[in-house]
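Each structure below appears as structure tokens.
There are two complexes below, and they share subunit A, which is joined by subunit B in the first and by subunit C in the second.
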Partner chain A sequence: MDFYYGLAQTVGIHTLLGLSAYIVLLTGQVTMAQAAFFAIGAYAAGMLTVLAGWPIVPALGAGALLGAATAGAVGFPALRVKGLMLVVATLAFGEGVRLFFFNFDYQVAKGEIRVGPLGGEGFRQIRYFQENGWSTGEVMLFVWVFVILAMAVLWWFDRSRYGAVLRAVGEDELAAQSVGVNLTAVKVSAMAVGGAVAGVGGGLYAHYTTHIEHANFNVLLATFAIAYPIVGGLKNVFGTLVAVIFVQAILIEGLRFLGDWRNLLFGALIVAAMNLRPQGFLGGRRA
Partner chain B sequence: MLELKGLSRHFGGVKAVDGLDLSVREGEIVGLIGPNGSGKSTTVNVIAGLFPATSGEIRFQGEDLRSLATHKRLQLGIARTFQNIRLFGQLSVWQNLWVAQNAPVDHARRGFFARWLGGQSGVRAEIAGLLEFSGLAHKQDELAANLAFGEQRRLELARALAAKPKLLLLDEPAAGMNSEEVGQLRGRILKLRAQGITILLIEHVMELVMGVTDRIAVLNFGQKIAEGTPAEIQADPLVRKAYLGGA
Partner chain C sequence: MLDFFQAVSDGLLFGATYALIGIGFTLVFGVMHKLNLAYAAASIGAAYAGLLILQLGAGAPPWAVFLCAFLGGGVIGWLVYLTCFHFIPLSHQLAPLMSTVGMLLLIDEIIVHVTAGMPQNYPAMFDDVMLRAGGFTLRGDLLLVAGVSVLCMIGLLALLYRTRLGLATRAVSQQPVAAQLCGIRVARINALTFIITGLLGGIAGALIGASVGALSPLLTAPLTVKGLIVTVIGGLGSIPGAIVAGLLVGAFENVFQQFRGVTERDLYVMLLLFAFLVFRPGGLFAPKS
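For the complex of A and B:
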């Protein structure tokens, strides 16, 4: 049973990561910085529970706020560039954040051991759930409360005028400006919402793995973040969830019995999925 | 209402608009005509703020527009349509009009939260009125990209009106329309004038320009070569030579 709980946690956390990119992709921006906001949420929430002794929920909230603030701050200058230039700019930012954590030492003594981030060694012993006697099942449910919350909020945004404006900006920035949309405000707000969602995901990730390090938050993770909503389709938030299940449960876990062949098939199946459903699993046919 | 003084816009060495003086008074319909490439669309784009003027002044109701972003100019009351239709094709007709609900009076009437995250109920009557005006009520749930050409033109006009503009910049609204559609467009333009909206109309379809405008300015190579009533313009030898054709 623990295997399935673990898988459900992974699916939940990757769904949060994918959703953080989903809202930014709606505005037509491709961001490679989501892994960085995820890392910031992970380190911030972990440090707050381990070093400051905060309870988990406010720690996750603080991680979300920090993720949102960083994303907003990155959004202002970065969203002035478009397309490939934005990919390069956000990629550089993501690597910058990873290298920051590679060099980030902040340890304090706690009883006989020293805890906190230790550069390349990473940040070990984020044991909030274990110390408070949470079972694996409880942790899994806790993760999914946030996944469902994030999906509900983004679903609501999508149905509101805000969502229509995001999509309008994604289709034609010039026309959106001309009907009175403040492009900077809309794009930065989408980045900030995405940063908050990634921050929560990171915080949950740190606590369920209990050990994080810079290498967890590399370009591969940033690529996964945008791949989920793209593979799943931008029609609605469920596309991202379906894509995460497809990748994490079917391709990665389901094909484990294939051994080394799995990696080959992994790529082939993604390519096949994109060819069969070019607008994503749940994407409608474009007019 | 709108004052252009010595307005110029250069692209590299090309003087797309070159020292243009033009004023549009409140309640007027002013035509801007001229051969292709004479700077008409560039003039609209500079007024709307899509790119800055190289030199010269633009004032709207006395306010200097030069440092204002496009969306701020819309809030002052300047809306536009595009020569090459630019709708949000993957949004429905209704959503296209929803996105465009950015009039300052609506900002004041509905709070921030209701405006952005509220449902559709608060704006339903407003949008229904726009759909009615443009004859698109039966297509409200259709994706904009699926509309016929004439319907797309009508939706663009409705979308510009969603912002409750004082000045409407129409960039070749009749391009590609048949004469029946031009007739309907003419009716709509006159209705808008009756509602007190000032219009700057860029158009090649003379049937429309001569029929609805109070005054016409003629551009050639970025410069104004004539200005006057439709009758004066039609009689002007310089205009006939440069643009209207005929002896």
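For the complex of A and C:
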């Protein structure tokens, strides 16, 4: 049973990552920086519970705030460019953050061992759940509370005036601007919301794996972040969830019996999925 | 000071491969206005394909490996076009981006599967040649890398600006609909663009393999990032820009590798990119719109 709880946690955390890219994609921007906000949330929440002794929920909140603040700060200069330029700018920012954590040391003595991030070695011993005696099932439920919360908030955004504005910018910037939409405000706010969601996901991830290092937050993770909403479709938040289940549960876990061939099939199935459903699994007529 | 010039010259020579990869990204973007994220992986894959000839005849000379990588690159480029672009309607912006990511993962995994994850030795030419001038040396294999790259660039520019095919390619990149009205088969030009960039990529992959001395699928991710950075610094769709930016990035990173170490090197390359995005967002040679 623990295996399925673990799988459900992975699906939940990756759903948060995908949702963080989903809201930015709604405005028509492709961002490769979500792994960076995820990393910032992970390191921030981990350091707060381990080094400062905070409880988990405020630590996650702080991670989310930091993620949102960074995303907003990146959004202002980066959103001056769009299309491929934005992909590359955010990609470079993501790599920059990863390299920052690669060179980041901040350790303090705690009892007999030294804890905290240590450059390339990573950040070990994020044992909040274990120290407080949470079972795997409880952790799983805790993760899913945040996933459902994030999905509900984004669903509500989608249905509200704000969601209509986001989609208007995504459909046609010029038209949106000519009816008085402030493009910068919309895009930066979408980035900030995405950064907050990614920050929460990162914080949960850090406490679930108990060990994070810079290599966890590479380009591949950033690619997965945008892959989920694109493969699932941008019609609503459930597309992202369906895509995460497709990728994490079916492609990665379900095909394990194929051994080596699983990895080969993984890329091929994504290519096939995009050929058959270019608008995503749950997408409408338009991508 | 000598160290500095040595680092710059080695970096410039190796930067020629970045220039080739950058040209591949920029050419596809110029013609189709789409990003082919599988390009660097396809180039490395083509370099591996070059090694296949060693399987057929153990004593094959290095130039045969290079030729095989060149041709293999063309075939892989065509396959990438067919699987990731041909059947997806042009109006879908995000789908080809994702399908090329899938292709990137697939190519990586095929390489890992075939080689069992072991890095493969790559044959080099002129690696025992050293040109010396005082304390200053030029490595023969890096000179070969730069020389072949320059030949490829001249060939490509001649193709684009001196032939009917090049004229058609440029027409499609400027006005696809108008080009189609003039009787140019757009799908065919797109496919040919992928084959041409694939050939270039095959050479670039083989040159990288030869100058590094070994090939590993781990090369694909950094090469993709560097290629994209070169494309943006040079200006999207600009071939001269990609060449200059490739050399610039090559020299820049080698200098920082020399003086700040390999773990910090890429951090400075990112800073260079941000400097360009802030002060010159159109790149070095921004195409006039």
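To be clear about the criterion, the second predicted complex is superposed on the first by the 286 of 287 C-alpha atoms of A that agree within 3 Å, B and C clash if a C-alpha of one lies under 4 Å from a C-alpha of the other, contacts with A are read in each partner's own complex, and residues count from 1 in each chain.
Throughout what follows, a residue touches a chain if its C-beta (ideal position, glycine included) is under 8 Å from a C-beta of that chain, and two chains touch if they have at least 3 such contacts.
What you see is a predicted model; the values in this text were computed from it and never measured.
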Exercise. Is A:165 contacted by the first partner subunit B, the second partner subunit C, both or neither?
Worked result: first
For this session: Figure out whether A:268 sits in contact with subunit B (first) or subunit C (second), or with both, or with neither.
Result: second
For this session: With both structures superposed, pick whichever of subunit B and subunit C touches the larger number of subunit A residues.
Result: C
Exercise. Which of the two partners, first being subunit B and second being subunit C, lies in contact with A:183: first, second, both, or neither?
Worked result: first
For this session: Look at A:69 in the shared chain and tell me whether it touches subunit B only, subunit C only, both, or neither; answer first, second, both or neither.
Result: neither
For this session: Scan A:249 for contacts with subunit B and subunit C and give back first, second, both or neither.
Result: neither
For this session: Identify the overlap between the subunit B-contacting and the subunit C-contacting residues of subunit A.
Result: 286-287
Exercise. For subunit A, which residues count as touching subunit C in their complex?
Worked result: 25, 30, 77-78, 80-81, 84-85, 87-89, 91-93, 95-96, 99-100, 102-103, 120, 218-220, 223, 226-227, 230-231, 260, 263-264, 266-271, 273-275, 278-279, 286-287
For this session: Write out the stretch or stretches of subunit C touching subunit A in their complex.
Result: 29, 35, 83-84, 87-89, 91-99, 101-110, 112-113, 221, 224-225, 228-229, 231-232, 236, 263-264, 266-267, 270-271, 273-274, 277-278, 281
Exercise. Where on subunit B does subunit A make contact in their complex?
Worked result: 48, 50, 69-71, 74-75, 79-80, 82, 86-91, 95-96, 98-103, 115-119, 123, 143, 145-146, 159-160, 162-163
Problem set entry | Residue ranges of subunit A in contact with subunit B within the complex | 156-157, 159-162, 164-165, 167-168, 171-172, 174-183, 286-287
